[in-house]
Amino acid sequence: MTMIFGIPLQAFLGQLLIGLINGSFYALLSLGLAIIFGLLRVINFAHGAQYMLGAFIAWLLLSYLGIGYWPALVLAPLLVGLIGAAIERTMLRQLYSLDPLYGLLFTFGLALTVEGTFRYIYGASGQPYATPALLAGGANLGFMFLPIYRGWVIVFSLIVCLGTWLVIEKTKLGSYLRAATENPVLVQSFGINVPFLLTLTYGLGAALAALAGVLAAPIYQVSPLMGSNIIIVVFAVVVVGGMGSIMGAIVTGYLLGVAEGLTKVFYPEASNIVIFVIMAIVLLLRPAGLFGRDA
Amino acid sequence: DASDGKVKIGILNDQSGVYADFGGKSSYEAALMAVEDFGGKVLGVPVEVVTADHQNKPDIASNIARQWYDTEQVDSIMELTTSSVALAVQAISKEKKKIDIVTGAATTELTGKQCSPYGFHWAYDTHSLAVGTGGALVKQGGDSWFFLTADYAFGYSLEENTGNYVKENGGTVVGAVRHPLASTDFSSFLLQAQSSGAKVIGLANAGLDTSNAIKQAAEFGIVQGGQRLAALLFTLAEVHGLGLEAAQGLTLTEGFYWNRDEESAKFGKRFMERTGKMPNMVHAGTYSAVLQYLKAIEKAGTDETEAVAKELHALPVDDVFAKNGTVAPNGRMVHDMYLLEVKKPDESKEPWDYFKVLATIPGKEAFMDPAQSGCELVKS
Amino acid sequence: MTLTLDLAKRKERSPFIVQTVFLGVGLACLLLAPLFFYPVFLMKLLCFALFACAFNLLLGYTGLLSFGHAAFFGGAAYFTAHAVKEWGVPPELGILVGVFGAALLGAVIGFFAIRRQGIYFAMITLALAQMFYFFCLQSGFTRGEDGIQSVPRGHLLGVIDLLQPTNMYYFVLTVFVIGIAIIWRIINSPFGMVLKSIRENETRAVSLGYSVRNYKLAAFVMSAALTGLAGGLKALVFQFATLTDVSWQMSGEVILMTLLGGIGTLIGPIFGAGLVVTLQNYLATSEFPVTIITGVVFMVCVLLFRRGIVGEFYNSRLGRKLGFEHRHKH
Amino acid sequence: MKPLLKVAGLNAWYGESHVLHGVDMTVGEGEMVTLLGRNGVGKTTTLRAIMGIVRERKGEISFAGEDLMRVPLHRVARRGLGYVPEERGIFSTLSVYENLVLPPALAKGGMTIDEIFELFPNLHERRNSTGTKLSGGEQQMLAIARILRTGVRMMLLDEPTEGLAPVIVQRIGEVLKKLKERGMTVLLVEQNFRFASKVADRFYLMDHGRVAGEFPVSELSGRMEMLHDVLGV
Amino acid sequence: MAVATPLVNEAPRVVLSARGLRRDFGGFTAVKDVDLDVHHARVHALIGPNGAGKTTVFNLLTKFLQPTHGTITLLGEDITKTAPDKVARMGLVRSFQISAVFPHLTVLDNVRVALQRPNRLATQFWKPLSALDALNGKAEELIRSVGLEKEVNAVAADLSYGRKRVLEIATTLALEPKVLLLDEPMAGMGHEDVGMVAEIIREVARERAVLMVEHNLSVVATLCHHVTVLQRGEILAEGDYATVSEDPRVRTAYMGTEETS
């Protein structure tokens, strides 16, 4: 058997693939975070809660209305997006003119509230959500057994990430959005309805988080805590990628997913801090992040 | 007789955090049931139960415990989920000469180096879980093990204890992998466990970590592949959250199962009516602890701590939770534990009908020999 | 043109008498408080108040939002607990061990964090503090989930028995007052002035020849050390050190306290801490889950009372009449 | 000449500080009017209040016969007003080209990109670089160029020559004249008196948040004395 | 054109010099092989079309940007690799093209922050604020010299643009720099201020070297001893104003056809 760094090549490939799957979640989440940050200058601490909300809505739809995975994949992000938009309209909006730290604190409070509420109603141990029948089972790739659902996660998240990136970097809408972050009043004086754009953006970011949540539901336990566990890691991903860089967020998401996956093989104890260590190194060498523009 | 015209019991646990399902508000309900079953009065004075949510913060717990003891005439505190809280409150109880009965926390320290003459450990501990799952499972043929261990003291001690019992019973431990606390993805670790070829994959972790690992094991077809999953700290409440589809075939140890016999089923149904869920060992244990405490007061004829503690040590425990339970000098309540297997969805006949009892582990085997515990109260 | 500059006007504005009266009343309240309130609760309150004030030194006066201050608070608690319990050092030395440990930790975390500004800074401190959390979780000396328990309070200077609640209370109060005095001195010093100017316009400060990084790092370490003072004290008060105090939720809580009391006001955080601690204690025995309340308070505060209790007071008509003027960018 | 912009009794505030105390002015269709005044008298504030950026305001503003007081900011541009701010407002996350095409063309008659590049060759050369990497002067050009595309009827220009090299100032003067020939109306705030005198038809002199005087370009030489007193020219 | 006789008290000597200075941004070269000598007691103007690289040269000299090539010497010391704050402490202080003040501090405090730096007061966190009162006399003098005496206690953010610029100059002077780099100090200023600032600059240049970027050619003509014209990052012409302004290349590239003074 071919060996690589002392472990069989097959196992190595398997772990690489698994890292990529994890990376998909990091990428989706950091993408949404980067969009919201890039355009609203708000660190969306509620991103984890919105991710959780996506998964929970999928579960609620299934258990109370019998609505399955596929419709949920559309409905949950839509709902969370609308909720996000409403929050932006009524509350978050008032904070743009202030120091960005207030946005951070507000969304932090929001996250506590949402998670607290779900924990209060549904408890902490989580809810079951089955893999959709169409994607159940697995495929033997020769070097590993790949659950089909996980393959789907990789493919689908890649499509979503690239699609979002295209919209923001390559369309007129995207350039409005980017300009509006810097000087909303001026952009508005050009005749563009900036308040609406910002609402849209926050809604979009929240919807992306929720989408990741629905994708995660069949893999991870649907629990009120699922968001707060992952969000800090995603923050680190965004710092490494360079905040405000959409492509940076995506690529770094996948890269760090893989880095973490490989650490789980070679030195599992460090797998939870490897991302933070990478972050520290990147900060030393490239303070603006791997893809960030100089501040 | 009772010192201040009433007997007051405090149920102090996590009601809004990670362990809220484990015990939570339902433990309070269990305590109320015990008081009602006892008749609501002891030595002619009313029994009152108060409760507080320590939010998993030892400082809040310690504050409340002190205030309860000092200004609110609380006579004893029970439940005490989370080991840091349990140890902190036990230390205060010892200092204030008050009784505490822990049902929610797992650490053997409570009846080990940090034991108290007035402190009792009632429902389970890491040792009994290890013996139950490790020892008993080997006898059932699961003789080679691979551990998925949460990377902190609790995980290590579960792994070590269990591993010892596996080896003692003639099994082997082929490997272990340590994962960080609160990992979301276990597939890397599961793949390593899978390729180890071990017959049993022991999950030396707790809470969401265990749930996620089990769920993902199902996804990777590990149980279908012939390996067995054994969770070292997992209860009915969490199996309910996971669903039978994902949890089927899982082996675990609990000190109580509601569908064990007629009496327990009756208790379970009553509990269900009040809380909406079936009791796990923490709930039933709390019920038993309160009941036993009241019995001890009655026997002692006073609620004075020394006397009650003496009776608690002396009286046998015989209720729906424990049959022929005894209390060791270090405060450990010794009773039978059960090795349970989660049913397949089609085997389950009614809601909450989740477990098959694979084996009963006699209390003497399940719990540590007090002489080995390191508790200085044990005269050897 | 012979206009004399009206420099005196500036002094007039600082309400010296009013401040002295307030200070006196405040101190008297603290001295008499144990007669009315539960001492451990008061001591806890003082620890958190000091923690919040130390945090505010960084946020309110240097403009750096650290989301990782729990590392210094909880870390110092562990250091002090370990020193007192395992090495058997006297309490005053134990607290110093906590302070130095926290300062050291502050230097390491600060070294990385000050490379970025604004929200990046917040996220980096959060991430690094999280690393420290994992370190505490896994390393042996902290005893994992159990925490370091039964920490002896010992005898202050070898004579005063701190197990005696009254003794302990006045010890805590003394340390608290010293801590606040240090913070006050730092803020109202030439050095504090430089910190303010860095908060206002960093590039300009550089061009004036200030090595901004060193100043920021110095402020960071000072804040960490003072936070350590609070943490070490807390370990002695409760006689244990556990993981709760290093978790990121604790970092969030201290921000809440500061925000609630008034960012950039010297005494605001004291009130904020008082409110949060009281609330948590009160909610523990109520039906309502604490996280939800905390979250809602956060949101309401950010949306409606950004200046916090004390800040709002300073800006109210009465506050202005009394001569408080509070300028801070919001 | 038909009045296009009419401002009467305009007051404006920044928080508690009252900056404009009743500004009255009219600008006719196709006219080029310059607002003069010392630093801090409220010239910029006047433009911002007209545009609707400063919203704490009272008084009357009508544009092409329509009341602007109630129109939300993003609709003002559609009525045909364009604003070039003093601080230029170039976007750092956008390339020069993106900056240029950012404001949507809201009416016909705007310049094409090619015409603009011809006018400002620097911009053509740096079109792919980041907006704020431009030099100060290049940014000023970009800010003006950006509005020229949109086909507005009237431009509010705040100190467009500040920080520009004399050649460029000259070029901008020519551009303004060209625009005027096309019928563009301009309200200009300017410190560069020499420049203003070359392009403007009429002057308003501001002092303490009010209009303190008004005269056409033909009376300029007769007023030099007074201007010298007020402005120190 | 009236060229004022330069006021020279001391013999000119080079205090700041750059050799072969170059800076690339990606593929774009903003500054190319620039040699520059700034003399003590002289006002040196750096002019040129927009985008010529003047501000970039400033950024390079003050080390806010790292040059791609070339060396910089300040008072005989090589500062090519020195950090910007260190450079400032060595006596090279700049102002910014976009005004830079501390917005929420008062005018007085703005000046005192600058004054306290060389006084070792800056790091003294154990001293009361009143320690700074020792600086009031100096601050007062500076504030009055730029005509801000009415606004001493005003918060900088409330000043108009022009006044902010004046304040910035005052803080810059507070450091008693040996070399002063002023980026368009008169931009956005009313005429009365232009005259005053010109006077200030003339005054300070008696004992210092001044390098300034300025588009106001009448100021350049009356104030500056030496003019360097930059175009596309390269030096196009050098000399006194009269010489430079006659240069046809400079006229087409920068001044235009208009008579300017």
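The first chain written gets the first letter, and so on, giving A, B, C, D and E; residue counts start at 1 in each chain.
Just so we're on the same page, contacts are C-beta pairs under 8 Å (C-beta built on N, C-alpha and C of every residue); 3 or more make two chains touch, one makes a residue touch a chain.
The structure presented is a predicted model; accordingly, all values stated were derived computationally and were not measured.
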Any chain that touches subunit E and subunit B: C
Length of the line joining the C-alpha centres of subunit B and subunit D, rounded to whole Å: 76
Distance from subunit D to subunit C - Cα centre to Cα centre, in angstrom: 50
Whole-Å gap separating subunit A and subunit D, where each centre is the average of the chain's CA atoms: 44
Subunit A and subunit C: spacing of chain centres that average the CA atoms, whole Å: 33
Where subunit A touches two or more other chains at once, by residue number: 116, 119-120, 269, 272-273
Junction residues of subunit D - those touching two or more other chains: none
Where subunit B touches two or more other chains, by residue: 16-17, 151, 180-181
Set of all touching chain pairs, with the criterion as stated earlier: A-B, A-C, A-D, B-C, C-E, D-E
Residue ranges of subunit A touching subunit C (in the complex, touch as defined): 37, 41, 43, 91, 94-95, 98-102, 104-106, 108-117, 119-120, 232, 235-236, 238-239, 243, 269, 272-273, 276-277, 279-280, 283-284, 287, 295
Complex contacts: residues of subunit B adjacent to subunit A: 16-22, 24, 151, 177-185, 187-189, 191-192, 195, 207-208, 211-212, 215-216, 219-221, 237-238, 240-243, 245-246
Sites on subunit A touched by subunit D in the complex: 38, 172, 175-176, 178-179, 181-183, 185-194, 244, 293
Residues of subunit D touching subunit A in the complex: 51-53, 73-78, 82-83, 85, 89, 91-94, 98-99, 101-104, 106, 130, 150
Residue ranges of subunit C in contact with subunit E within the complex: 1, 3, 5-7, 9-10, 185-186, 188-194, 196-197, 200-201, 203-212, 218, 222, 327-329
